[in-house]
Amino acid sequence: MNEWLYVAMFIVVGLIIPVGAITAGYIFGPKKPNPVKQSTYECGIEPVGTAWIQFKAQYYIFALVFLVFDVEAVFLFPWAVKLGQLGLYAVIEGIIFVAILVVGLVYTWRKGMLEWA
Amino acid sequence: MVPLSWYLILAALLFSIGLFGVLARRNIIAILLGVELMLNAVNINLVSFWRYSDVFSMGGQVFSIIVFAVAAAEVSVGLALVISVYRRRNTVIADEVDMLKW
Amino acid sequence: MNFWNDPLRVAAEWLEGIFAGWGMDAVAAHVLVVFLGVLLLIIVLMALDVFLVWVERKVVARFQDRLGPNRLGPFGLIQPFADIIKLIIKEDTTPGDADKVVYNLAPILSMMSVLILWAVVPLAPVMLGTDLNVGALFIIAAGAIGTLSIIMAGWASNNKFAMIGGFRQVAVMVSFEIPMLTMLMIPVIFSGSMNMNVIIQAQDPVPFWVLSPLGALIFLIAAIAELGRAPFDLAEGESELVSGFNIEYSGMKFGMFYAGELLHAFTFGGFWAILFFGGYRFFGLEQVSPFLAILILIFKAMLGYWVIMWVKYTMMRIRIDQMLAFNWKFLTPLAFALLLVTALVNALLASAPAWFYTLSMILANLFTGWIALEIARSATRSERERIEGVKKPVEAHH
Amino acid sequence: MTAQQIIFLFVALFTLISAVMVVTTRNLVHAALWLVSTLFGVAVVYALLNANFIAVVQVVVYIGAIAILFIFAVMLTRRDMRDTGPQMNKNWWAGALVAALTFAGLVSLLQEWSGFSKTASDFPSGFDAMGLLGEALVSPDAYVLPFEVASVLLLAALVGAVYVAFNPRSGDSQK
């Protein structure tokens, strides 16, 4: 429990410092808002519409592949910690585990989903 | 020390809120958000049972990691279905997805 | 046990004694002391951060054959303070169409995600910070919050450039997290623990960069991408995206992103040193005094930071499709191959003599890297022949 | 009340309020961000339970990957981010009723169980949760089969999702 106390303190102080800095900027900076200044920056051209529009589907694919391999790494971390004591059969289990997932990567690759088209 | 019952009640509340989200929301993505809450409630139960019974049997922790994998699979396929449906029907409202009716 | 051998404990006991003298509860006194210690560390870090602005500007100037800041104070050392005053008295504009709460939360979370990384950094043998048994994964967890802050900044600004920049940055960060996670497992395999201090102690005769040079290299590449620095700074893209996700931020909020980026780079220099170069260890010098150990760690982190800067100011920016192809088609498979080869050699030679084990590890690394480069070379050659083979008849028609 | 109990109540309140915001907020990006804060609260609950690995993994997987995927999916499925129309079903009250009944049923069921309010014992000295977890995941008489099956599950999810969402023949056919 004690170790998480440090982490909690880091989170608390890590929030206080930027909040304090931004508040200092808010106090000392001038505040003269006007509609032109507050309009969205678009290289000096009048902004057209909102930015909250539909996005490129390719980003989703990479987030998807990332999610799958992220979970895979989570499974491998306890395996890596104990690897020194477990011997060869644990290594073979790990190889099987990774090989199954690499099939997924190869499938995605072959389908042309890793291209930025 | 916090008794086990507190964790179980927290998990039950979280599960019920998630269930409400699944039943009441119209948007499919919002429904999936509710499912995530329910999976988290399950995980709280698994980990607290591990902590409050024999800590040397790691079943609770192992199964909560399996739940992470299940959640990842559920989200990736679920959201892929949503995107696929959106591309065909241009909607993300659950009631309007009735292609399987006939 | 005196102040010079174990300064933190002496100071903590002294302070707790004072607080207890004021009639404070023992637990509350402990919590307060921890809070003060963390506050002190973070204030020192922020002061270092100010100094890093100067270092960065000076180093980039030297790389580009300029002088850099040299007007304010000796060697321009006062310059960063002038920058800070400027940032504080600048007007803080918020776009009218922005999502105000999320917009203001993003720079705070960005800075916090960098600062909490220091919770797991062992500064000296007696200054462990947190002795967390999942320290290696904690780095990735903090990075997850950083990723989130970037997508929040990009989305909440309601600006097309910010949105595209944020999306690109998130794509880079999540993609390169996979090789980074995989390479984090290599020190874990060697030391048998995810605790940062145990990882440092396990590098007693042989630091891990000797055992796994390829692993250290892949970790550095992934760290540079995670930082969003050149050659992976396609989210910034001054010419096409005008600085990316933080385009709408001004004043101190922009300062938080900027300072966070510099401190993040320095921190990853430190993690590179801890995971592969023995952290605070330097031929037993760290046992002399904890202060010397901290100096060694800062020196090593500065070296790592210097390498990151060197790469930044030497390389060109690559395109997003090149970046993603490089990661998913080359670096990720290579990282997995290296992990499995390391695990295999580690298991096969567990009882071999140390020199043989070390030599085999080095050879296995070099061999894996060579095979990967050969495969990449033949693949690019056939790709080039395919493209040029298609091109030639088209040109002949003209 | 001990300090730990106060911390637990605070965290639980934070988690539950965020969870309620997830299911009631109109703006879906906000709902996803509230989900992040719920998940963070759950991570703190794991830390309170001394499950360090699960707590960190919660942040890595849920906040770092699943929440990002949700935000991407929200942005991919809207022509316009402003929400129009009702976000709730016509019979949302029935959902609320079912949820309340579920909660009441769960609590009444749990209350009859003898171990409902037991307290945890301290960890034995030298307890190495990470090592035990690693052993449990790969030793043949423990959980090696779930370990490998999880890999197959993830493979199926990846292949299925890539096929469903981005089959070139079916995509954009009815624009």
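Letters A, B, C and D mark the chains as written, and numbering starts fresh at 1 in each.
Rule of thumb we're sticking to: a contact is a pair of C-beta atoms (placed from the backbone, for glycine too) under 8 Å apart; a residue touches a chain by one contact, two chains touch by 3 or more.
The shown structure was predicted, so the numbers you read here are calculated from the model rather than taken from an experiment.
Between the contact lists of chain A and chain D, the overlap consists of B, C.
Nearest to the overall CA centre, using the mean of each chain's CA atoms, is chain A. Interface comparison, B-D versus A-B: the pair with the greater number of contacting C-beta pairs is B-D.
The chain with its Cα centroid farthest from the Cα centroid of chain D is C. Taking each chain's centre as the average of its CA atoms, chain B and chain D sit 6 Å apart.
Per-chain Cα centroids separate chain A from chain B by 21 Å. One inter-chain figure worth recording: chain B and chain C are separated by 33 Å, centre to centre, where each centre is the mean of the chain's CA atoms. The centroid of the Cα atoms in chain A and the matching centroid in chain C are 14 Å apart. Looking at chain D, one finds that residues 4, 48, 50, 52-53, 57, 60-61, 64-66, 68-69, 73, 75-78, 129-130, 133, 135, 137, 150, 154, 157-158, 161-162, 165-166 touch two or more other chains.
Shared contact sites, meaning residues of chain A that touch two or more other chains, fall at 3-4, 7, 50, 52, 55, 57, 59-60, 63-68, 70-71, 74-75, 77, 80-83, 86, 90, 94, 105. Along chain C, residues 132, 137-138, 155, 170, 174, 177, 193-194 each make contact with two or more other chains. Every pair of chains in contact is given here: A-B, A-C, A-D, B-D, C-D. Remark: chain D residues 2, 4-5, 8, 12, 15-16, 19-20, 22-23, 28, 31-32, 35, 38-39, 42, 45-46, 48-51, 53-54, 57-58, 61-62, 65-66, 69-70, 73-74, 76-78, 86-89, 92, 94-96, 98-100, 102-103, 106-107, 110, 115-121, 123-124, 127, 129, 132-133, 135-137, 142-143, 146, 150, 153-154, 156-158, 160-162, 164-167, 170-174 touch chain B in the complex. Partner chain C is touched in their complex by these residues of chain D: 3, 29-30, 33, 36, 52-53, 55-57, 59-60, 63-65, 67-68, 71, 75, 128-130. Looking at the complex, you find that chain C touches chain D at residues 27, 102, 132-134, 137-138, 140-141, 143-145, 147-148, 151-152, 155, 170, 174, 177, 193-194. Across the complex, chain D is touched by residues 1, 3-4, 7, 50, 52-55, 57, 59-61, 63-68, 70-72, 74-75, 77-83, 86, 89-90, 93-94, 96-97, 100-101, 103-105, 107-108, 111-113 of chain A.
Per the touch definition, chain A reaches chain C in the complex via residues 3-7, 9-15, 17-19, 21-22, 24-26, 28-33, 35, 37-43, 47, 50-52, 55-56, 59, 62-63, 65-66, 69-70, 73, 76-77, 80-88, 90-91, 94-95, 98, 102, 105, 109, 114-116.
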